[in-house]
Structure formats: structure tokens, C-alpha cells
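Multiple structures are listed underneath, in C-alpha cells.
Next, two complexes with chain A in common: one pairs it with chain B, the other with chain C.
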Partner chain A sequence: MDTPSYFPVPPGVGMEENFLSLDDILLSQERLPVRTECVFPRLGFLEKSSDSQDIPEGTKMELPLWLCKGLYEKKRKVLSVELPKIYKEGWRTVFTADPNVVDLHKMGPYYYGLGSQMLHFDNPENPDIANALLQTFIGRFRRTMDSSQNAYNEDTSVLVGRLDCLEKVLFRSGQNSLNGFQGWEKGQAAQLTASSLVLNYRKRKLVDVQS
Partner chain B sequence: MFCEKAIELIRELHRVSDGQLPAFNEDGLRQVLQEMEALYEQNQADVSEAKAAGRGDLIPSIKLRHCCLLRNQRCVVAYLYDRLLRIRALRWEYGSVLPANVRFHMSAEEVQWFGQYKKSLASFMRSIGGQEGLDVTQDMKPPKSLYIQVRCLKDHGEFEIDDGTVILLKKNSQHFLPRWKCEQLIRQGVLEHVMS
Partner chain C sequence: MDPSEVEFLAEKEFVKIIPNFSLDKIYLIGGDLGPFNPGLSADVPVWLALNLKQRQKCRILPPEWMDVEKLEEMRELERKEDAFTPAPSPYYMELTKLLLNHASDNIPKADEIRTLVKDIWDTRVAKLRLSADSFIRQQEAHAQLDNLTLMEINTIREFLLDSLNCMYKLRSNLQPGATKGQFGDY
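Up next, the complex of A and B:
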């Protein structure tokens, strides 16, 4: 087991984002369907379908999450954010019926993260959304944990393919501890090894020289 | 949409998730700063117009541009900070002297930061553990013996150990050496620890 030295800033928990976390920045790049509730003068170029100089009131467009969070106000004078379909009633019943069947990677790789962020927009369905996220996670967790602890030295792409980003992190940490334990059992814990970072740099250098 | 270049910087780092340092994207950074300047100037103009001509309807656009400025700032700061975290990891993995190809990927300020980090770490290590200090970058795994068997993976020239003997590290030669001398070289992939 190689002790890591690179500790990136982890994503935030629940409705909070970590300012410096790369994962949170990528998560907040996801686009949401919105409807403008006021005019945005001189910004018409952002909305490609029309040619006007301003964005008129009532335009339906897609804006990234960070912009929606920044512009949204409780009195709803600026934007109204629509729920993406995976958080709506229909899909929620599918998730609660059998959470293990769903391919969360296809449903948007940040299902839990984006769902938690949607709670910022004062939707009347918020308690149901929060509940659906929790139930889905609870339903899927057992299988993720089991598979991460029992897949030793094999190709895990089938197992990991249907997981969302949060579950992938959990899976990877499970695999790391499994590999560490197996290494310890074999007596490799006392063996000094080359740093994986150094080996990767060397591999990359060879590739650069060849190309 | 604004802030596309900024998110590209972030994606560039995120792609290399194992902690390696990609080349410093000076061009990308400059483009983001230029976009920020343009947004700021447009906002300045709109704010003075809103105040002077009483055009309160410009405020949503001003707010949108302000959000874009904050977003660009966040991306730039996170980009620089994550690179520093990777450079910090290099001190622990590679030691004090970085190979040329890695140093090539760092900007001048990052090289300076690395030098200062090395100094801070060295003075910290000197201050603990009594008179000679304590090297905390050693013994990353619990030691089982004072001397270990190592095999040389590539030619590294001559190597002097504490009692003065000089050992020639040629490829595939095996030696029985003190653990504390070899740890650095094993981490760098020059020697290989042979377990009996």
C-alpha cells in the first residue's frame, strides 16, 4: 500500500460546496433548465436561438448551476429554476421502487451532488427530493460496499460503470483498504516500494519521448 | 457562456487525478484574466449608467456579470491551489531535488514556493527530536531491521555510506545496506527492496 502525499480538497457535504474543491466546481457546471422572470439587457448573445440584444422575460434557457445559485432570489423576481427530470415525481418513484437497477452514471454523473444543490431553490417538492436521494443512497450502499470489499485483483469496470461519482469515491476507498489489508497479510507492509507518483512520471516521460 | 476557459483549466487538472503535475497553463490563465477584465469594465460602465440615468433594469445583467467574475476567480484560485498541493506532494515523494522534466512544468512562482516549503519543512525537522533533528520523510513504513537487501534497477554511479565505504551501484547488482541510506533511492525507483 503506497501512502499518498497528494490530498486534494474533498467535495462539500450536503448542501454546502467547498470553494476550492475541483469536484464541486465541476459539479456546479451542470446545466439546469430555467425560466427568466425579468429582462437581462445587453446579454442577448448568451441565448443563441434569438437575435435580440437583450434576453426578454419568460425565456426558457439552460444555465449552469453556479449561475443559477448566484442569480436566484427568494422573491423570485429574477429566475425560476425547473427541476431536472431525474428529480421529478416520475423518476423518484422509479428510484425508490428499486434503487439498484438504475444506472446513475448515465442519469448525470453527479446525482447526489446535484440533487443536494437543487434544495437551494425553494421548490415545494424539496422534502420529497431530499427523501428520495437518501433512500436511493441507502438502497444502493450495501451493494457498493460488498462489491468493493470482495473484488480483489479483477476488472471492476462492470461494477463501477453504473455508479455515480460519490459512490465511485466510496468504492475506490473500499478497494484501497482491501488491497492494503491483502498486502499486509502477505507481508508486503514492511517492504519499501517506489513511490507511485515517481513511477507514473517515468511512464509519462517515456510516452512523451516516443510521441 | 462565460467562464468556459476557466472550467477548462479545472478539467485539465481533474483529468490527472493521481496527483501528477501537468504543465502550467499560462496561456489559459491569461485568457481567464482578460475575460475578467472585460466583464469588470462592462459592469463599471453599466453601473455608472444605472446611477446616472436611473436605469435600474440594468441591475440583473450587472449581477450576472458579477457572478461570472466570482466564478472565474473561484476557478483560478482552485487551479493554483490544487497545483500547490501537487507540488507539496512532490517534496514528500521525490525529495528535495526535483528532476528537470517536473521542474519544467512549474511556473517561476511555483518553483519559489517549493523552495520556501522545503525550507519550512527542514527547519521544522531540525526543531524536533533533540539535537540532530528528526527526518520525518523517512520510515514511511514501520522498519523491521536496520539493514536491508536491495537490488539496483539502474546505474546510479557511486554511493558512499556512513563508514566511508563507496559502493558502485550498477544495474542488477545486489547489496546489503543500511535502511536509512536507501529509503530515498528506493522511493525514487533506483533501488528495489528485496524481501527474503
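Up next, the complex of A and C:
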């Protein structure tokens, strides 16, 4: 049994984020195309393409997710967020046609996470986006399950390279159970080995000190 | 759950041995065992059988299901059926490993038995994955699988539960009303 030295906080899938989750923190760095609805005085330095002192109304720029979520208001006085192209109609039909073909890592490593966060910004296409996320997940489930349960002691970088971060977490847990079972079958479970927690301390062993 | 824990539970199963020593009945918390007389078969739990075997105090008799013809029949039946057929024993995988590792001299055709059990295991695990996939694909709320052994459940447990969690949360996106309240909590 390999107990980890800490339990990582899992990402909050769905519309809520886990504050302490590293995956969610990295997710909120993703940039979204926005259109400003009012003037941002003296913030011209954020917009590199124009040289003005402040950002005029109606500028199209990219802001990270955490900023968009904070600035977004129902009455839409400040920002209006556009959908990134992978959540638009065109790509959605690609995903529903064959989810397994798509390289989700290239599409933004946080496809599911970002898609769920996009639902915060009231968009008429929200139900379609949510549906597309769900169908993509269901379609790719088989491939993830098979590859995680069958790749023992191999280089998995080819298999994992096309997976979204959420699917990578699932892949890892599948690999864990596979490795545990194979290790047990080989008899490794009955051997005493130093725990990884202790190895990490890298203490000098008595044998080394004496000699 | 760890495979070692499943193996631990499997060691409670009973198996027949032929001891070469004599001992009166012993009274353990789990039940009474014995008395042991040399040459007469006795029913003991697997943990005791393995211990005695390692001390060369007994001979282990293979369980009834551990027979080449029977396992071949079960393998063919498993391959024909779509649902799960009753397993040879609720702990067939663990018992095979334990008995064939420690007592292979007492079990005839040990290698063939190992191959047959592995075939049965592979077929059952493939069926399990198929049914897990159709479960998720149709987004069912309940599923019932009969005749699964603990070891098979254990290999898929972590993965399936995590995926079902993810699917549940993605499904809750479709009804945004309940979660909207906590927005603007910075």
C-alpha cells in the first residue's frame, strides 16, 4: 500500500471550483475573449495593441477567467463574455459526432472545467454547452477506461496525450487499481518495502553512518 | 480497498487438508477446529492450511471446483453467456493464487488450472467493463450485477466511482438553478 504524503484537493467539477485545488487555480488562468461594455479609465496598459491611456468601450480583448468572473454582472454594465471557439456551434457538432477523435489536450487542457465555468456567464447557448460537455465525457469514457485498465508497465504518454486534465485524473486512478492488482498477483504485496513517505525524508541509514 | 485486503478476506474460506499430526479440538474465537488425526481429512480455513503446509504438517486437497474439466466447462459457459455466470467460488482468483503458489505439488495439472482461471478472469473483467460502459452511456441511475466476486469489483471500483462523480457534476450543470446562489463569493 502506498500512502501519499498528502492528499491533493481534487478539482471541483461542475459550476463550483474548489478554492484549494491546484487544477482549479490553473484553470482560472485560461483566457476568454471579452468585449468591454464601459470605459476602463487608466487601464490602457492591459491592452497592448492600442496606446491609449484608458480602454474605450467596445474593445475586444482577452482576460483571464478569474477576472471575468469577478467583473461579470447580470446587468452587463462591465463586460460581455464571448464563447471560446471550442464551445461554439461548429466545434460542438464535431464533439457530438465522434468524441474519441478529438485531442482534448490541445483544445485547452481544461475543456470540461472551463466549459462548466462558462455556464456562469449567462449565454443563450448554455444548455447546449452543458449537454455537449456531458455527451463528450460519456463518449470518451470507454476509451479512457480501456486504456487505463490495460496499459501495465508501458509508456502511457501516447495514451494520455490526448486527454483532458479531468480524464487524466480518472486515468491515474484506473492505473492505480491496475498496478495494485498486478502487483498483488506477482506477489509484491507480500514483500516488505520502505514506505515512500520515509524514503522522502532521505535520512542517513545506520549502516551508512557506521561504515 | 487493496488486493491484499481482499486476499485476507479470502483466507477465511474452508479447504480440506490431510494432516500428518494429531491434535485435539482447538477452540478459536471464530469457531472450533479439529480434532486432527493423521491421515484423516479435516476442514480448516485457508490461512491455517497454508501455515501447516509451510511447516510441512499437512497435505492440501484441491477444492472441488479446481478441476481441469470443470473449469473448462465454466470457461465455455462464461464465454457464451452475456450476463455473469456464477463464479467457481466467491474468491476463486485469490484461492487459485494462494493454493497454486504454496501447494502446487498437491494439486494436479497446476499450470493448466492457472491458465483456465486466468481465461475465466479475463472474460469476466471484459464483461464488467462492457456493462460499466453501457451504464454510463445510458446514464442509468441503478444497475444490478449478479455473481461478481469481490476482486473483480475491487479492480474497477475507484475508477468507476470517480467517473460517476464527474458525470453527476456535469449533469448538475444542466440544472443551473441550485448552484447559482454562491456566485460572487470572492
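Assume the second predicted complex is superposed on the first by the 193 of 211 C-alpha atoms of A that agree within 3 Å, B and C clash if a C-alpha of one lies under 4 Å from a C-alpha of the other, contacts with A are read in each partner's own complex, and residues count from 1 in each chain.
Heads up, the rule we're going with is that contacts are C-beta pairs under 8 Å (C-beta built on N, C-alpha and C of every residue); 3 or more make two chains touch, one makes a residue touch a chain.
Quick caveat, the model's predicted, so the values are computed rather than measured.
Contacts of A:D146 after superposition: chain C is touched, whereas chain B is not reached. Of the two partner chains, chain B is the only one that A:L199 touches; chain C does not reach it.
In the superposition on chain A, contact of A:G70 is made with both chain B and chain C. Within the superposed three-chain model, A:N100 lies out of touch with both chain B and chain C [touch as defined at top]. Look at A:L134: by the touch rule set out above, it reaches chain C but stays clear of chain B. Using the contact criterion defined above for the overlaid structures, shared-chain residue A:E185 touches chain C, although it does not reach chain B.
In the superposition on chain A, A:E16 contacts chain C only, with no contact to chain B.
Applying the stated contact rule after C-alpha superposition, one finds that A:V169 touches chain C and leaves chain B untouched. Of the two partner chains placed by the overlay, only chain B lies in contact with A:P41; chain C stays clear of it.
The interface of chain A with chain B overlaps its interface with chain C at residues 70, 187, 189-190.
The part of chain C that touches chain A in the complex is made up of residues 2-4, 7, 97, 101, 129, 132-133, 136-137, 139, 151, 154-159, 162-163, 165-167, 169-174, 176, 179-180, 182-183, 186. Those residues of chain A lying in contact with chain C across their complex are 1, 12-16, 69-70, 112, 116, 119-120, 126-127, 130-131, 133-134, 137-138, 141-142, 145-146, 148-149, 166, 169-170, 173-174, 176-178, 180-181, 183-185, 187, 189-190.
On chain B, the positions that touch chain A within their shared complex are 1-2, 7, 10-11, 13-14, 18-20, 42, 46, 57-58, 60-61, 63-64, 66-68, 70-71, 74-75, 77-78, 81-82, 85-86, 88-90, 92-94, 99, 101-102, 140-144, 148, 179, 182-183, 186-189, 192-193, 195.
The residues of chain A lying in touch with chain B in their complex are 3-9, 19-23, 25-26, 29, 38-43, 46, 63-64, 66-67, 70-71, 78, 187-202, 204-205.
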